[in-house]
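Letters A, B, C, D, E and F mark the chains as written, and numbering starts fresh at 1 in each.
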């Protein structure tokens, strides 16, 4: 299964994410999920960023919250709504929102 | 300050609770906060129960969620809405809801 | 003639948001969906509770008596009465120290024959893989 | 003739619920409350951000450009323009590795003179002790 | 006997926080206290006329009107919050006032206890 | 080109999840896809007529009506969820249908992708 997970929150997502298995797992940080890409706690980036090689963050939601591309962890690719629609239709068979 | 804290959630309350200082600190578990009184994780009761000698849980909210007095940790006193009103007016100068 | 399987995965706690209640009412709506579909087409729901969501399955909920609102227990029993497949994650049941006797496993009291089952997360994962679409609540 | 102090303590993140926005709009309403009070009576607000709530104070929020909604930044600047006391918890600023330069510390661009201050939690605790009522958002 | 001001910001359905606030207010009134009740944000949903009392949902209109009849209870909805959601004056349940946010602060000024219930 | 069914359960104001869902739908339509949009729970607030477009609040009515005009977009509100909140047929924004929950499942049946946005 190719599974795209839209991660919309900063807290309480690790437990679910750590259990999901997929042949291809994409994590797409949206809403308050973008804090995972741009904020460290006690010097450490979120462990969510290590859970897949395919991590994206929505530019519009980063900018809403005061972040630019320069603030984003190197492992995260930024995408716009346009790119998100393509990801949903082309890269993943199923998409979920947590 | 005599501070009564209505704790309404099961997650994300420890950080705030651990910082609050009061001459008398009362923790009143309501809503989903009552799970803190009645549920253990990996065999351990919530650390919130060790944060004050004065911990209460609302009977009506316990029963809503399937718990009886027998399910509640010994450190927690159960109260009804009637008792809660008295606590608010008589035992604490300030009350907050987290 | 096709059957599409939808997985309703509940990770939300009860009584904090409407999420778990709406998961069950939407899953139950699979019973009437054929009015919109062609002959022989079907929607097959499966409901699974995981994480803090397993707390929805505790017995003896009295939301009606306390607040005049249907309990999640009642919705879950309705789901079993209508023969929906209901799974409860074993790892989370164990984490919370719960036993089968403390959980809503059947709807016998309202004439239901189908039972809920406690399964390892790997079985919930399998249901997700064989489902056409996944709805996380 | 009395002054009642109200502490608006923000521990919620921005843009997830309406909480932090409503904390600021309600605090600002202290400017017009006298229409309901007797001569000389006043409400004195203090606003403090703690925990994840300090993320409300990040600069360069563009909620208006992206979603057509006033940003929390704008509300915070309005609060400073109206000389509200605004405190930001130092321990949380440090935990998130933020610096003063990344935070909204003033409203100079709209003519404000009052500045926000980064303070240890103990000072927020003191404000709570000297306040008549506490409102946690 | 004292005055309790409750501010509630939670939505009508789902969290039961608004149900909690109403039940707390009712208990306080029965014990002889007076209660001011402020609904703001999503809690302004409580002020909407014409809610249907299904069993799956909170039905708080009746108890609110009983409390209002005691003379020891005032309930006010945030006007801007209500308007943004499309609840106009003519959509408002009987017994509710509508004011701007300063009403809540003024009520807190003279309250013995304030319970502010945040949340969505 | 595909069909995307979006279900959104988040309230009108606060979380921006409903704003996200609307913007995603609009982008998909512009790229040639068709979108079915189901609002249930607190998201039925979107279907209420007469929302005032203040700057502090999401104002999504206009974009919803533009999408409807393309013929590639359908939006339906959960009827029971709306009625419980006091939103009756005559309170419903133009372009919205109202059905029971099976509509969402039927739309999912024929969808290439389903994005279910839970939350309060």
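By definition in this document, contacts are C-beta pairs under 8 Å (C-beta built on N, C-alpha and C of every residue); 3 or more make two chains touch, one makes a residue touch a chain.
Everything quoted here is computed from the prediction, not taken from an experiment.
Shared contact partners of subunit A and subunit B, listed by label, are C, D.
For subunit E, the chain whose average C-alpha position is most distant is A. In this assembly, the C-alpha centroid of subunit A lies 29 Å from the C-alpha centroid of subunit D. With centres set at the average Cα position, the gap from subunit D to subunit F is 33 Å. Measuring from the averaged C-alpha position of subunit A to that of subunit F gives a distance of 24 Å. For subunit E, the set of residues touching two or more other chains reads 13-16, 23, 41-42, 56-57, 113-114, 116, 118-120. Multi-chain contact residues of subunit D (touching two or more other chains) are listed as 15-19, 25, 67, 132-136.
Annotation for subunit A: residues 11, 31, 60-61, 64, 94-97 touch two or more other chains.
By the definition given earlier, chain contacts exist for A-B, A-C, A-D, A-F, B-C, B-D, B-E, C-E, C-F, D-E, D-F, E-F. Those residues of subunit F that touch subunit C in the shared complex are 7, 9, 40-42, 100-106, 108-109, 111, 113-114, 116, 118-120.
The touching residues of subunit C, counted against subunit E in their complex, run 15-19, 21, 25, 64, 67-70.
Of all residues in subunit B, only 9-11, 31-32, 35, 39-43, 60-61, 63-68 touch subunit C in the complex they form. In the complex of the two chains, the subunit B residues touching subunit A come out as 11-12. Subunit D meets subunit B in the complex at residues 9, 11, 50-51, 121, 125, 128-129, 131-136.
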